[in-house]
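Starting off with a structure, shown below.
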Amino acid sequence: MAETRHGRTPLLATQGLGRDFGGLSAVRDVAITLSPGELHAVIGPNGAGKSTLVNLLSGELAPSRGEIRLAGERIETMPGWRRVHLGLGRSYQRTNIFKSLSVLENVRLAAQAVMSEPRSLLRPAGSARQIVAAAEAALARVGLESSGARTAGTLAHGEQRLLEIAMTLASRPKVLLLDEPLAGMGPEEGERIARLLRDLAAEHAILLIEHDMDFVFQVADWMTVMVDGAVLAEGTPETIRANADVQRAYLGGHA
Amino acid sequence: MADNDTPMLPASRAGWLGLVVGALALAALPYLAPSTYYVELGTTALIAAMLALSLQLLVGCTGLVSLGHGAFYGLAAYTVYLVTPANAGLPMWMTLPAAVLVSGAVAAVVGALSLRTKGFFFLMVTLAFGQMIFFVFHDTKLGGGTDGAYLARPLISAFGWELQLPRRQRPIGTYYVALIQLVLMYIGLALLLRSLFGRVLQGIRVNEHRMVALGYDTYRYKLAAFILAGMLAGVAGHMWAMHRGFVNPELVGWHRSAEALLMILLGGLYTLHGPILGALAWVGLGEASQLITERKLLVEGLVILVVVLVLRRGLAGLWTFARRPAEPARPPAGAPSPESGTAEGARHG
Amino acid sequence: MDLAGLVAQLLNGVQYGLLLFLIASGLTLVFGVMGIINLAHGSLFMVGAYAAFLVGRATGSLWLALPAGILGGIALGALLERGLFRHFYKREHLDQVLLTFALILLFEEGRSFLVGNDFHSVPIPAALDFSVPITSDFSYSAYRFAVIAVCLLLALGLFWWIERTRFGAVIRAAAEKPEIVDILGIDARLVHLVVFAVGTALALTAGVLAAPLYSVYPNMGDGFLIISFVVVVIGGLGSVSGAFWSALLIGLVDTLGKAYVPGVSGLAIYVLMAAVLLWRPAGLFGRAA
């Protein structure tokens, strides 16, 4: 099952993964792998099943069949919240932050989830210094360190997307599932995120869903193309670009 | 840490000072009241405040709107009745833990089942469970049936020392016991809200979906809050037994639960002290309206309409009216959809 | 075991269940389409029952009460929706709970003012005041048969309306995705008005039918309201067919329980609800979360 690219065992791997909704198969027999240090992009037209795939991986949807392994351990029946503690983090396409709380609190909650222990739950939140420090570090990583005290809902859209990523980072994931991080962003903000992602790819494995083709070809090490719920092709960006099937089904001559 | 990280607690020294002044005013009441009737009325109001405060842990802090909370209150009062022998009151240090334990245990069972649902379902399920408990006391002889029963009041006691007051002063003693419990309850909840656990509850209220995605087993946290709230309602119910020495099925009726919700809304959903204000106002209003008309339900109904339609931030909101911070609309408590920028409730006061 | 008695209790259970269905279907429709929790739904049931009582007392006959209940229900529902409820749709649950609770209090006060607080029995219409012989030693109340018949007719009518007519299709769509109504260019306000009016009429009709069986008394709506909530929880939110089967189930469990295991039988339906919640939190026919 496991494709070992770069000679390393995959951090995240699926086999025969499928999900049906009534009579419709949104995801069919998907085998996808993610290796450490890899920035793996999943692309495909609308309705290809990419979002469903992310939801299956993060645990928000249960698969109809198939396996998901995280660092070798089967997780497809594990509740979503528990997967976070095994090192799986995800960000959302539609900004899913705590709008009425401060920016710092948003990230602090993310850090607390993986850092706090049951017996210290009654400590005042302000005095749990390591958690606050981890939150501040995550904010600094995405460049929002000076916005900590602001109410999250007052941030500009681009900054909110960065906050999304900061929250995902604060839970110290090994694997990052990023669902359209660029959604609704202009070109310079996109540049900022591209730099950030390349930076993050060094220490994390990233599975990226994106529509922006230029962006994807720029940052990805590996690509998977999905059409109609199934994997059409996978390979390096150059291979994908040259692939005739992909050109026909999706790229429509852009390559 | 930013100012608005625990918005339910006073944001400034002035705010805390206001609360202290309020507590002192309550402490002075027995000396200012024209007769014992008003002291007893005050105790009733303090008990209502404790019930409302206990429910606020669920509604305002965690976003769980329960219509069965009154059942834990009444259950505690009945527990006192059931453990007390026929003609002698037991000391408080025996009856209070018993009442709180029973309320907590039943809350654990009800919560474990109800929290498998959300929103409207949760509301109806808690209502149904509350009704079940009502049925137990209404249709059986367990607690004296529909007529209720008298009980020997628990004695004010602690650490082997018992407070024995002459008959005329007993209401004052009871009043202070209630006040002390209320103050301790507020302080305890304030500390809880500032703790790591309290932040999780807040996160659940604001966006439970994201909390799950961040790695929190929100069910467990909500259940803990539910049990704690049930136990605190038990403290209030126990105090009722001490105060009136009488139990009847109305104590566990769902109208009691709805009134508790109302007191929260009246006083202010967005602060911890709001429900206390709401309870005091509600009891006061009930008294005042009796001077005007016998049609109590009419007055209550109209008051509720006015409060919900007009008084968005409750009585507590009137205080902070002048210095409202520029924050975006608060997401609705108990609304089915998570905070994702689409359906924000109409509650921006 | 007394077979005749069992059959009688089964029929009683069906009759009770069908009345519950009339009430619960209104509840689940209104919530499914408009997202409103209407605690005052039980009060509407009470209004119907008292209407039957008053009509019977004034005209000496109960026959007028049924059409009066249906038409009055439609009118009252339209009035309530237009005047009050349409402003509540976007409100949080807490507001809706308290607002409709206030309505209960106002309805109770209104009843107290108009009719007083006494318990009144309502005589069965003379034409139906007999027993239908089934076997040589078993006969069953004709009125109860009539109630079963009317309820079934209404249930069938409701199903036909929802499943077979265009308006019904709109209702079904709106229950799934409220935005659809606007997209399809249909006036959402009309849909809301009709759904609310129908729900109200069903509750009132149930009250009219129930009056001779249960009599009228203060707070009579409470018990039926809460049981119909249980029906909706077990049947699944927004599912009228779910409400039908779960209402029958509850009607039977409750009636048979009270007849054969008195004492704790009232708990039976709550135990049932707990069991359903453990197994299927979205209800038996509800959409799985």
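Labels for the chains are A, B and C, by order of writing; each one numbers its residues from 1.
Assume a residue touches a chain if its C-beta (ideal position, glycine included) is under 8 Å from a C-beta of that chain, and two chains touch if they have at least 3 such contacts.
Please read all numbers here as calculations on a predicted model, not as lab measurements.
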item: Innermost chain by mean C-alpha position; value: B
item: Of all other chains, the one whose Cα centre sits farthest from chain B; value: A
item: Inter-centroid spacing, chain C versus chain A (mean Cα positions, whole Å); value: 48
item: Gap in Å, rounded to a whole number, between the CA centres of chain C and chain B; value: 32
item: Chain centre separation in whole Å, for chain B relative to chain A (CA means); value: 42
item: Chain C-facing residues of chain B, complex; value: 59, 65, 67, 113-114, 116-117, 119-121, 123-125, 127-129, 131-132, 135-136, 139-140, 254, 258, 261-262, 265, 269, 295, 297-298, 300-302, 304-305, 307-309, 332-336, 343, 345-347
item: Contact footprint of chain A on chain B as seen in their complex; value: 1-5, 191-192, 194-200, 202-203, 206-207, 209-218, 326-331, 338-341
item: Residues of chain A that touch chain B when the two form their complex; value: 58, 60, 79-82, 84-85, 90, 92, 94-102, 104-105, 108-110, 112-114, 116, 120-126, 128, 131-132, 148-151, 153-154, 167, 171
item: Residue numbers on chain C that touch chain B, as the complex places them; value: 31, 35, 37, 39, 90-95, 97-99, 101-106, 108-109, 112-113, 222, 226, 229-230, 232-233, 237, 263, 266-267, 270, 273-274, 277-278, 281-283
